[in-house]
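Below, subunit A partners subunit B and then partners subunit C, in two separate complexes.
Take a look at the complex of A and B:
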C-alpha cells in the first residue's frame, strides 16, 4: 500500500473536483459521444425530413415517375384550393371548441373532485374520467360510431325515450363536426382534468382558507385567489390542447373519412388524402408546411398574449 | 333540527366546525352530480363489453342490453377467425418495447451530456432540439415514407420504431430532472474512479425513477395507441399493430358484423383497463408531473 500524506490526498481530490466542475479535460469528446446517437437520429428522422419536406413543396411528385421541379406552383394552388380552406376552417372550429371545452370542463371537474369528496367516490370519478384517454383512438372511434348510431345506438335510443328525436350524428353535415368534438371531449378530457388537478394542488390551501376567514364567499375565493394562481396551468393546457387539436385525424379518418360533404375534413385529413390516397406528394408537403406554420404562429401568439393574463409567467 | 355533530375522523384537513355544516346539502348535490357524470363516462364501455359477450343473434337489441344475457363467446371466436389478433398484439408489443426502451436509452445518454458534460456547441444544439418539439409528425412523415421505401422497410415494424427512437421531449424532460440531482453525488463517484457510464446508469438513472416512469407510461401510451403511423406504413394483416388491425376488422370486405367488431374493441381495451387499474397511481402521477413541469 502506498502511503500518501492525507493533506496531499485532500489537495489532489479538491483539485480534481474543481476540474470536473469546470467541465474536465475529457468532457468535450465525452459530451459529443453521449449526444451522438440522439443527434444522428435527430438528423435522419427530424431535421432531414423537415428540410426535405420544404424542398418537396417545390416539386410535383407521385412516387412512381421522377419528381419534377415546379417552383411555387404548389403554393399558388393553395390560394385557390377551396377544400383546403374548408379543411382549415373545420380544424380551427374543432381546435377552438376543443380548447374551450377542455379548459372549462377540466377545471370545473378538477375543482369539484379536488376537495371534500368521499374517498371511494373520488377514486371512481378520477378513474371514470381519466380512463378513456388511455384507449387508442382507433377503438374509441369505432365504439362511438356505434354509440351514436341513429338506429341501434344508445344515445339516440335514450334521447328518443325522453322525447327528443336525435339527428343523424355523423351523417348530417350540420351535426358531424360537433359530434366529433363531443367524442374528442369524452376521449381526451381526462388528460386536461389531471393537469388541472395537479395545478390545483400547487395552490396553497392556506391562501384560499385565509380568504374565506376574511369573509370571502366560496365563489369569490375561487375567482380572486384560486383562478389567478391557476393561470400558468391554464396557459400550459391551452397551448398543448391547441397543438394536439389542430392535428386531429384519427377519429375523422375512421368515423367519417372527412364527410358528409366535406363537413369534417380537417387539415391533416386533407393532407393524408392528398399525399397517401391521391399520391400528390409535393402538394401534400405544401399542406404540411401550412399546418406547421399555423401551429407555430398560434403558439407564438399564445405565448405573446400570456404576458397579459398569466400570473408570473 | 337535530344536528348530530359527527365530524368524520378521517378528514386529513381539520376545518373549523362552523364552516363545514352549512355546505352538507351542497356537498350531497355535488357528489350526486359527479356520480352521474362518472356513470355516463363509463356507460359506453359497459355497453361495449356487454354487447360483445352476448349471443350474436341477440346483439344490438333495443332497449340496450346492459347485462350480457344469452351469454356467449362466439364473437370473440369470430375475431380470432377473421384477423390474426394474437400476432397483431405481439407486433404492438414489439414496436412499443423497442420504441420506449430505445428512445429512453438514447435520451438518457443525451440528457447526461446536456446536464453534466459541457462541450462546444452544447447550448445551440439543445435549442435546436427543443425547436423540434414544434414540428408536427405530419410534416416529417412524407419524407420518412420516401426514406422507408428506399430502405425497403415499408410494411415492416422497423418503419414504426426506427423514427420513434428519437424522443426530443424525453431528452428535455430528463435533462431538467438530472439538473435537480446534486452534482456532488456524481462528482464523488467520479473521484472514486467511476466512468461516465457508471455515473449515468448507477447514480443518475436510479435517482431519476419518477421521471423515467412518467416517460415510460406516456411513451407506452403513444406507441401502443399510434394509428397514423401504422396506417401509412403497414399493409398486410400479419404485420399490423392492434389499432390498425382493429379498424381493418370493421372495414368493408373481409370485415365482421358489428358485434364482432365490439369483441375486437373489447380485446384491445381490456388489457389497458387491467394495467391501468393496477398502476393507477403511477399513471395519474406521470401525467400530473409532466403537466406541472412541462
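Take a look at the complex of A and C:
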C-alpha cells in the first residue's frame, strides 16, 4: 500500500495536468468567476458612473425634465466659473495642509508609541488615537460645533479664562478653513498613525542597531536609517491622504455648508451643490471630471517624484 | 436648521445621514446613469395607472400600494407611523408605505424628493412645503386635483371652511401656475418668541401682552443681562427662523410680493440686520457660529427667549419645561409681522394609484387626523378648530394660539424656483452680518448680486 499510494497520486496529478493543458478553459473560467464580483462592482459603481459622467457632461439636465445635448458648453463654463476656482483653491489648501499635518503628526505619534512608551501605555495610546476615526463624520462635525461654540463651547470658555477672546471658528472666513483642517486632523490622524506604525515595525532592528554600534546618535539613526526605510510608507500615506483630502465633503457640508463667503467650499462640495441644489447635473458631471483629472494628475506627479526620494529596498 | 412646518429646533441642527465620500460619488454616478440609458423620468408623465386611474372617477374602493413621503426626523417618523395605523385599519386594501426624510431644511427636502423621482422611485403623495410648491407645480410633476375635489366637494368644502383662508389664497397665488389646483393645504408654522417667565420676572421685566418695540426688547435685554446674567435671545442665520422674522417685523422681506424682485438689501432689511448684529455685540445674544440647544438653555436659565413655531414645544415637553414659558410676538420696528410656511399634499403625476392617493389625502384632511397630529407634530394643524382647540393648546406654552393669530400679519416665505441656492446665499449673508465679518450693508449688497444671478 505504501508504494501504491504515491504512484496513484502521481498518476492523478499528471492526469489533471494533461487535462488542464488539453482543455485549457476551466482554470481561466474559474479565475474569472473568482474576480467577477469585484469586476461587477467596479463596473456598476466606478466604471459605469464614470462613463455616464462623461456622457452627462455634454448635456444640460435638471433631473426633472429631459436632458438636452449642449456639446462642450459645460466645459466652456468651467473657464469662467470663479466659484470653481475658489473651490479648487480651498481644496488644494486643505489637501496640502492635510498631507503635511498627517504625515508629520502620524509619524511622530508612531515613533513615540513604537519606542518611547511601555507596552500597556502603547496599547492605550493606539486605541485613543485611532478611536476618533471610528466615529461618523456627522457625529464628529456636530461634536466640534458644540466644542467650538463661541459662547457655550468649552474651548471658548478656557480661552476666556486666560484672557483670550475666541475667534469665530466657523464664522470668520480667515478661521473657518483652518478650523475644518483641525477637525479633520483630529478625526483622521489615527489612520495615518496606524500606517506609520506598521511601516516603522517593518524597519529591521539590526539596521538601527548597527548604526548605533557605529556611533550614530538616536536622531542620526532615525534620520539616516529609519526615515529612508520609511519612505515607501510615507509615499503610500501621502498618496492616499491627498486623494482622501481632495474629496473632502462631509465635515464642510455639516459644519459650514461652504461658508462663510465660500471660504470653505471644496471641489466635491461645489459639485454636490451644483448637482443637487442647483440641479445642473450636466455641469456637475463636468466638475466631477475635473476633480478626477486633478487627482489623477497629482497622483501621477507623486509617483513620478517618488523615484527621486522613495527608497526601494 | 430651518424648518417651518415640520420642525427642527432652531440652533440645533438635526443629524443628517452622513454622506461618505465614496457613497456620495457612487450615488452621483447612479443618478448620472439615468438619462444616459434613456430611462423616462418617473415623475414626468408616467402611466396614469391601472390601479385606479386618474380623474377621480372609477367605481369601487381604490386599492394597491401607495408611497407617501414626508418631512420628519426619527421622532416625527415615529409619530407619523402611529397616525397611519388608523388609516391602514380603515383601508386594508391599500398598502401604505410612509417614508420620512430627515432633511436639513424644506428646500433640501424638496431636492431629495426630486432626486428620488429622477431615480425612478414611484412616489404617490409627497408632503411639500412652500419652498418646493411652485417648482413642483411648474415642472409638470403634479396631477391636477380639481376632478378629485369635485368628486368629494362637500368634504373638501368642509375642510376649507375650517382652514386658513390666507393659506388657501397663497397656495393659489404661488403654487398654481396655470390656475389648476395641485395642493391641499396642510400644517403651517409662523414665528413667535418663546419667553421664560421665570427669567423675565427675575429681571423685573413683564413680557408683553401684545406688540413690543425693538427698543423695549433691548431694554429687557439690559435688565436680564444685569440681573440674571442670562442672554436675552439667540440670534442665528436660519432663513425662516432668524432672517425673515427680523425682516418682516420691520416691513421688509427678501423678495417682493410676487418673488420677482430682490429686496434683501433694502434700507429696512439693512436696519433689521444691524439690529440683530447689535444684540450680539452688546452681549444680549450668544455669538453665532456654534451649536447649542435653545430649549435646554432656556430651561436651564441661560437664555430668556428664542424664536420658533410649534416645533420647540415638542422639546419643551420632552424637557418637562413647558410651565413658565409663554409665546409672545416678535419685537417689531416698522410693523408687526411673521414669516409663514405651510406644507401641502399633491398627487404625483407619475402615481399609478391616484385614487388611492386621493383616499390618503382625504384622510389627511379629516378632523380625526388633525386631532392626532397635535401629539407629535411640529406644525400648527391646518384645521382652525384644532389649532385653537384644547387638545392643541394644553401641555403647551401659554398663548400658543398666537401661532394661528399671526397668520393675519404673516408673509409667506419667498421661495422662487432655485430655493435651496437662494436660501444658502441669504443665510450666508446674514451670518456674515451678525458675526461682524462684513458690515450689514455690504453683506446684503453682495448677497443681492448673487441672488440676481439665481433669479434669471
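Rule of thumb we're sticking to: the second predicted complex is superposed on the first by the 274 of 313 C-alpha atoms of A that agree within 3 Å, B and C clash if a C-alpha of one lies under 4 Å from a C-alpha of the other, contacts with A are read in each partner's own complex, and residues count from 1 in each chain.
Criterion: contacts are C-beta pairs under 8 Å (C-beta built on N, C-alpha and C of every residue); 3 or more make two chains touch, one makes a residue touch a chain.
The shown structure was predicted, so the numbers you read here are calculated from the model rather than taken from an experiment.
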Worksheet item: Which term applies to subunit B and subunit C once both are placed on subunit A by superposition, clash or fit?
Response: clash
Discussion item. Going by the contact rule stated at the top, is it subunit B or subunit C that touches a larger number of residues on subunit A?
Written reply: B
Worksheet item: Thinking of the overlay built on chain A, is A:138 touched by subunit B (first), by subunit C (second), by both, or by neither?
Response: both
Discussion item. If we overlay the two complexes on their shared chain A, which of subunit B and subunit C does A:211 touch? Say first, second, both or neither.
Written reply: neither
Worksheet item: So, does A:249 touch the first partner subunit B, the second partner subunit C, both, or neither?
Response: both
Worksheet item: Where does A:197 make contact in the superposed view: on subunit B (first), on subunit C (second), on both, or on neither?
Response: first
Worksheet item: Looking at the overlay, does A:38 come into contact with subunit B only (first), subunit C only (second), both, or neither?
Response: first
Practice prompt. Name the contact category of A:276: first (subunit B only), second (subunit C only), both, or neither.
Written response: both
Discussion item. With both complexes superposed on chain A, which partner does A:129 reach: first (subunit B), second (subunit C), both or neither?
Written reply: first
Worksheet item: Where does A:58 make contact in the superposed view: on subunit B (first), on subunit C (second), on both, or on neither?
Response: neither
Discussion item. By the touch definition at the top of the document, which applies to A:113: first (subunit B), second (subunit C), both, or neither?
Written reply: first
Worksheet item: Just one of 43-51, 115-123 or 151-159 in subunit C hits subunit B in the overlay; which is it?
Response: 115-123
Worksheet, complete the sentence: Interface residues of subunit A shared by subunit B and subunit C, listed 45-46, 48-50, 52-53, 56, 63, 136-139, 142, 146, 152, 247, 249-250, 253-254, 268, 271-272, 275-276, 281, 284-285, 288
Practice prompt. Within their complex, state which residues of subunit A touch subunit B.
Written response: 13, 16-17, 20-21, 23-24, 27-32, 34-35, 37-39, 41-42, 44-50, 52-53, 56, 63, 109, 112-113, 115-119, 121, 124-132, 134-139, 142-144, 146-147, 152, 154, 157, 186, 191, 194-195, 197-199, 201-202, 205, 212, 233, 236-237, 240, 243, 247, 249-250, 253-254, 268, 271-272, 275-276, 281, 284-285, 288-289, 291-292, 295-296, 299
Fill in: Touching residues (chain side subunit B, partner subunit A) in the complex
10, 13, 19, 23, 27, 30-31, 33-35, 37-39, 41-45, 47-48, 60, 62-64, 106-107, 109-110, 112-114, 117-120, 122, 125, 128-129, 132, 134-147, 149, 162-163, 165-166, 168, 171, 183, 187, 190-191, 196, 221, 224-228, 231-232, 242-244, 246-247, 250, 258, 261-262, 265, 268-269, 272-273, 276-277, 280, 283-284, 287-289, 291-292, 294
Worksheet entry | Sites on subunit C touched by subunit A in the complex | 13, 15-21, 24-26, 28-33, 35-36, 41, 43-44, 111, 114-115, 117-118, 139, 141, 231, 286-292, 297, 302, 418, 420-421, 424, 427-428, 431-432, 435, 437-438, 446
Worksheet, complete the sentence: The answer for subunit A against subunit C in the complex is residues 45-46, 48-53, 55-56, 59, 61, 63-67, 136-139, 142, 145-146, 148-153, 168-173, 244, 247-250, 253-254, 257-261, 268, 271-273, 275-279, 281, 284-285, 288
